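There are structures below to look over.
Note that subunit A is present in both complexes that follow, paired respectively with subunit B and with subunit C.
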Partner chain A sequence: MSSWLSSAVTRAEAVSDWLAPQRQASLALLRDAKWPTRKTEAWKYLPINVWDNTELQADAAESTDATSGVIEGLNSLDLVFVNGQLQSVPGDDLPAGLTVVSLADASGDARAWAAETFTAVKPARHLFGLVNDVLATQGVLIDVAAAAVIEQPIRIVNVLTKGYEAHTRVLVRLGEHAKATVIEHYVGDQRSKNTGFAEYKVGDSAYLEHYRFALQSGESLSIGGSHFELSARAELSSHLVGFGSTLQRVDVDVTHAGEHAFAKLNAIYLLDGKELFDLHSTIEHAVPNGTTEENVRGIVADNSRAVFNGRIHIHRGAQKTLAELNNRNLLMSDRAEINTKPELEIYADDVRCAHGATIAEIDKKALYYMQSRGVSRSQAQIMLNFGFINELVDQMPNQVLADWLRPQLRDRFAGMEVK
Partner chain B sequence: MTEQIEKALQREYEAGFVSDIESDTFEPGLNEDIIRRISAMKEEPEWMLEWRLKAFRYWLDMEEPEWAHVHYPKIDFQSISYYSAPKSMKDKPQSLDEVDPELLKTYEKLGIPLHEQMMLAGVAVDAVFDSVSVVTTFRDKLEEAGVIFCPISEAVHKYPDLVKKYLGSVVPQRDNYYAALNCAVFTDGSFVYIPKGTKCPMELSTYFRINEQNTGQFERTLIIADEGSHVSYLEGCTAPQRDENQLHAAVVELIAMDDAEIKYSTVQNWYPGDEEGRGGIYNFVTKRGICHTSAKISWTQVETGSAVTWKYPSCILKGDNSIGEFYSVALTRGAQQADTGTKMIHLGKNTKSTIISKGISAGRSNNSYRGLVRMNSSAVGARNFTQCDSLLIGDQCGAHTFPYVESRNPTAIVEHEATTSKVSDDQMFLCQQRGLDPEKAVSMIVNGFCKEVFKELPMEFAVEAGKLLEISLEGSVG
Partner chain C sequence: MLSIKNLHASVEEKNILKGLDLEIKPGEVHAIMGPNGAGKSTLGYVLTGREGYSVEQGSATLDGVDLLALEAEERARAGLFLAFQYPVEIPGVSNLEFLKASVDAVREARGEESLSSKDFLKMAREASKKVNLPADFLKRGVNEGFSGGEKKRNEILQMLLLKPKLCILDESDSGLDIDALQVVAEGVNSQRSPDRSFIVVTHYQRLLDYIKPDFVHVLSDGKIVKSGDYSLAHELESQGYAWLKDQPAADEVAEG
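Up next, the complex of A and B:
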């Protein structure tokens, strides 16, 4: 057992609040859990020992800069965690139909639905999900009433600074016919550890627009996940952007629990230097007539390593399912590495499922063509990389977010070199 | 429709009969003594025994793999007998007339052309009945060309240098659990050596057959194609009906030297067990080939039998410009489970690999494709194309795809695609509208689905494979 994990278990034993029954169940699982090794399928390509071996030292001089996560031009309702501490919860001037409470202050009805949702959407198989279950005393509960349409995006910002370890949890419930946008935004490049998990219950015919900006970089270590349960005719449009860091892993799970639900999942990862990024996604089609479209693209440069594992599971009887998964990667250097594994597990015959995966370098002919037209090699390469990724950025429903992202992506491409 | 499916599912196993031959069989159990006895029976030299014992010691420390998408009761390796030989083999027959007629009848039932027809068919058969090679024909003609095709037990005596050099060079003793077991207890198998620049004058073929109850069969095949040579090897198997599970843990090693080409084709039709999955063969096979510069290895397989299949014919593309191919049709029905696929390890420059896998699931069966494509950092300009298609017949079966793609070279291009579909109503309607009955229509659609693979098979095998599929699918109209 890892020394970090045993200390986490010890710390968890001291946690006691209104979620105690759920936390106890997870703690029991955690006590029996094995620390992943190279032979653990779900962690095969990620050197998880880095997590265990990284010592944290808080730097008192380091000022906590809560503004580092600002998205210009976005009028969002911000919920900010600094090193795992929720800064403030908006008062009573919330749009009609929206309720936001901190996990610590929850009472009455909020407690009731949150207790039902906590650990109910997120699968128990994720070791760090269990860690988050037992240690995340800070979190927010977001409840969107039936038929409420919340125009203002709700943004959950996690800022991590040097030396901190943080565990935060987000629970979201959308009532029937409700509409909302939730942005999970992770910021920080200092040596820190965090787990950030979010569980979403999307009601009948509700629409959820979701963004996860896993933009922690540098020396930060981050493991987290966004987990969705879709009821009948619910729609999810989820967009993930990930930069690599010393250790970074995100799990996205979607369960089609009601018929005729639709899930669109886009994900982008851009890695440079010695960064790592691991994306696992699992789509559970538990009922008939569900549709999933998943598009994942990555650019991996220098000495970095990307992992993608995309699983689509069609349960027995989930007929008329349509599910497609596409993973395309650009490998920019002979020291970089991409490991991809698109999986299909199908137990119903009347379904249409397909997946595809490609790994290649930038098209040398295209590069040559642009150079012959007077575009410098580095500029041409940035343009080609950008075009490759921008197809998915263009699909973001919120243009303010897309506009905010593009220059950041461009900056990242500028640093990457074609070998 | 449902009736037809039922009928198809209840089809009796056609090769299910037991030949009544007295056998010389070891008592069940596995320990160093048993291995010493196997080695002694084969009159093996000391180095061979040491090699076996070393493998056995590795095996003792290894764990049974559990990652495959298959479920079966744990195998009790102590309840298996590790050696069985037809008794009449004690004084080896010099011609076909001396062969136990009961044995010959068995082959005839299976349709092996062991007599004169063989000459016409141009097939040399190294027939393995349980564990001892019975008759090897066409030896002379092959010898003329300098080709060595003999039981591996014989090769150990006659060509010890070749065996010593290459045995275990592609699949080492500690490669995996079942390979280690095979190294320790293998009883026989085929050995092929094609000399430099030689094109083997005929297709080489081995028919495996499990006969004795409770005897696992542990075949060991070693094929060496020297520089610039060419060989096509056929492997096919059926097994009689049994109630108890039988373990088949074979190892096949292929070595393609510079510019050589090996084509290895398999039609596998072991007993799949009854409707509940009782009985039936556990087919846990390790097959791997190594390609040196500009060499080519092509695996083609048609898998319709066995209760549980665990098999990944692989290529190590070590030399520059070498080529690996994998063409597979896997059909499961009843309670069959198959976890099969390939590994393509690209090490050399400009290496190429193609993977075409067609999985057909019917009944309550589960059919998985599991593959690995690895582009090492040295694989400059390497190329892979993978296509995995699954066809589901009925709503109680499963089709799964687990492809691992790993790339460390930016100039390497990897493409993987997989689709899943069923025999569509439109296709059925179109065929029936043209006057085909539903059964023929399904057969035609499935045949079309598998065409890419069948065309890779040698002629005789393609016919057999097509027929096998047709029989297996009888009435399974979706």
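Up next, the complex of A and C:
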């Protein structure tokens, strides 16, 4: 067993909060867990040993830069974790129908639904999901009452600074016909480790607009996921943006638990230098009449490596499912690497499904064409890359977020070179 | 204006241009005709600096500026323009955004002030009208889903906006019906001026009926083997290029 994992198990054994009963099964699994090797399919392309081998050293002089997480003009309800510690929970001035409590302060009904939701949305959890199960003593519970329409976006910010290890959990419940926007926002570029998982239960006919900005970069090590369970006629519009870092993995998993649910999943990743980014996505169509549209686009430059594993599983009897999965990649250098694996598993005979993956180099003809009109090579490159990604940014329902992202994406493209 | 001397160029180690000479003065229109594979398109690519085309020998200057020493974008900024035979589709980049970036870059190089988005839009709309492209084509991806004729007219639109010194039209007539051909020709004719020159590369005399050249050259096996006035185009149209085989190339004559 890895030394880090044994220390995690030891630490987990000391956790004795009210969720301890829910943590037991995961702890038992962890005690027997083997550290992934290159033969472990789920971790095949991510050098997970980096997690084990990275020593963390806190730097007393390092100040917390919470401003890096600010999104101007958004007017969101912010829940901020700094190095895994929840800073504060908003008090009584919340919009009607919205309840927010910290995991530590939960009581009564909140404990009841949280305990139910804790591992149920994604029962088969990978190694770091289990780690989060047993170590995430910090978290928030967000409860949107039936028919409540919460206009103000709820933003969960995770700021990580040098030397910290953090494990946080977000649990969200949307009642019937409820509407809400939840943003998971991760920032920090210093050497730190975190696992951050969010579990969403989206009720009948409810609408969830979801963003995960996995913008940790530099030396940070981050493994997390957003898991959704959709009830009948529920709608999910989810948008993931990932920058790579020393080690980064995000899992976006959706279960169609009720019929006629609709899931739109967009994801973008932009990698440079020696960055890594691993996106795993599993869509379970457990019932008939569900729809999934998944579009994943990535740009991979220099020596970086992207992994995309997208699985759509259509259960026996899940007739009339519509599912589309598309992964398109742009390779900026011949040393960059993309491992893409779209998978369709279909056990029903009356479904419409499509999947595809492409890997292309930047269109040299288009580059030359633009240069021949006076546009510099570097600007042409930025325009081409931006065009490729912007199609998905345009689909974000929240314009403030789209406008906030675009210059950051342009900055990132500006640094990338065709090699 | 344009001075090409003894130009030798190759693609993938295959020699295409084998000692091409061409002098073009301001205001002149030169047509280049010739059989397939003679190097007509290569000339445009070499002059504009396409990757993969290497120059082994010779020189090409535009108003004394050594074109071959410049990056592709610098050549465009120096006033060179190629209307592509096969314009490139660029999904995700709007035509307007592309045109603005081009015009901004070229204006900056000329020391002119950049245009406001509003002024540029107005200019772009007017130019679209001239080439008979609906204004909503400005919002679409560059050449994305355009028909062959629309792509060619979009090239002329770019020429109208960029106001180059020297325009090379690479088979701008191919695949066009007579109406589209007239639009292209009118676009070119409207830009003819004492300080702007054109190279019109074509297989057919038809385009030259609309854009009357001052000189016609026959390009064969990488060299200009015959030059004349407008009447040469008629001659070629009726005789074809078979006579080229019977005629010794210029260097063979010199050596002989």
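Basically, the second predicted complex is superposed on the first by the 417 of 419 C-alpha atoms of A that agree within 3 Å, B and C clash if a C-alpha of one lies under 4 Å from a C-alpha of the other, contacts with A are read in each partner's own complex, and residues count from 1 in each chain.
FYI, a contact is a pair of C-beta atoms (placed from the backbone, for glycine too) under 8 Å apart; a residue touches a chain by one contact, two chains touch by 3 or more.
Nothing here was measured: the structure is a model prediction, and the numbers come from that model.
Visitor: Quick check for you: in the superposed arrangement, does A:M370 touch first (subunit B), second (subunit C), both or neither?
Guide: second
Visitor: Quick check on the superposed pair: does A:G387 touch subunit B, subunit C, both, or neither? Answer first, second, both or neither.
Guide: Only subunit C is touched by A:G387; subunit B is not.
Visitor: For A:V351, select first, second, both or neither according to whether it touches subunit B, subunit C, the two together, or no partner.
Guide: first
Visitor: Quick check on the superposed pair: does A:Q379 touch subunit B, subunit C, both, or neither? Answer first, second, both or neither.
Guide: second
Visitor: Is A:S333 touching anything from subunit B or subunit C once the two structures are fitted on A? First, second, both or neither.
Guide: First partner only.
Visitor: By the touch definition at the top of the document, which applies to A:A14: first (subunit B), second (subunit C), both, or neither?
Guide: A:A14 contacts neither subunit B nor subunit C.
Visitor: Of the partners subunit B and subunit C, which touch A:I359 in the superposed model: first, second, both, neither?
Guide: The first partner, subunit B, only.
Visitor: Now for A:A96: first (subunit B), second (subunit C), both, or neither, which partner does it touch?
Guide: Touch status of A:A96: no partner.
Visitor: Which chain makes contact with more of the residues of subunit A, subunit B or else subunit C?
Guide: Between subunit B and subunit C, the winner on subunit A residue contacts is B.
Visitor: Which part of subunit A faces subunit C closely enough to touch in the complex?
Guide: 363-366, 368-377, 379-380, 383-384, 386-388, 390-391
Visitor: Could you list, by residue number, the parts of subunit A that touch subunit B in their complex?
Guide: Residue positions touching the partner: 41, 316-317, 319, 329, 331-361, 419.
Visitor: Quick check on the complex: what are the subunit B residues that touch subunit A?
Guide: Result: residues 67, 69, 375, 377, 390, 392-422, 478 of subunit B touch subunit A.
Visitor: For a test of understanding, state which residues of subunit C touch subunit A in their complex under the given definition.
Guide: 48-51, 71-73, 75-77, 81-82, 84, 87-93, 97-98, 101-102, 105-106, 109, 141, 158, 162
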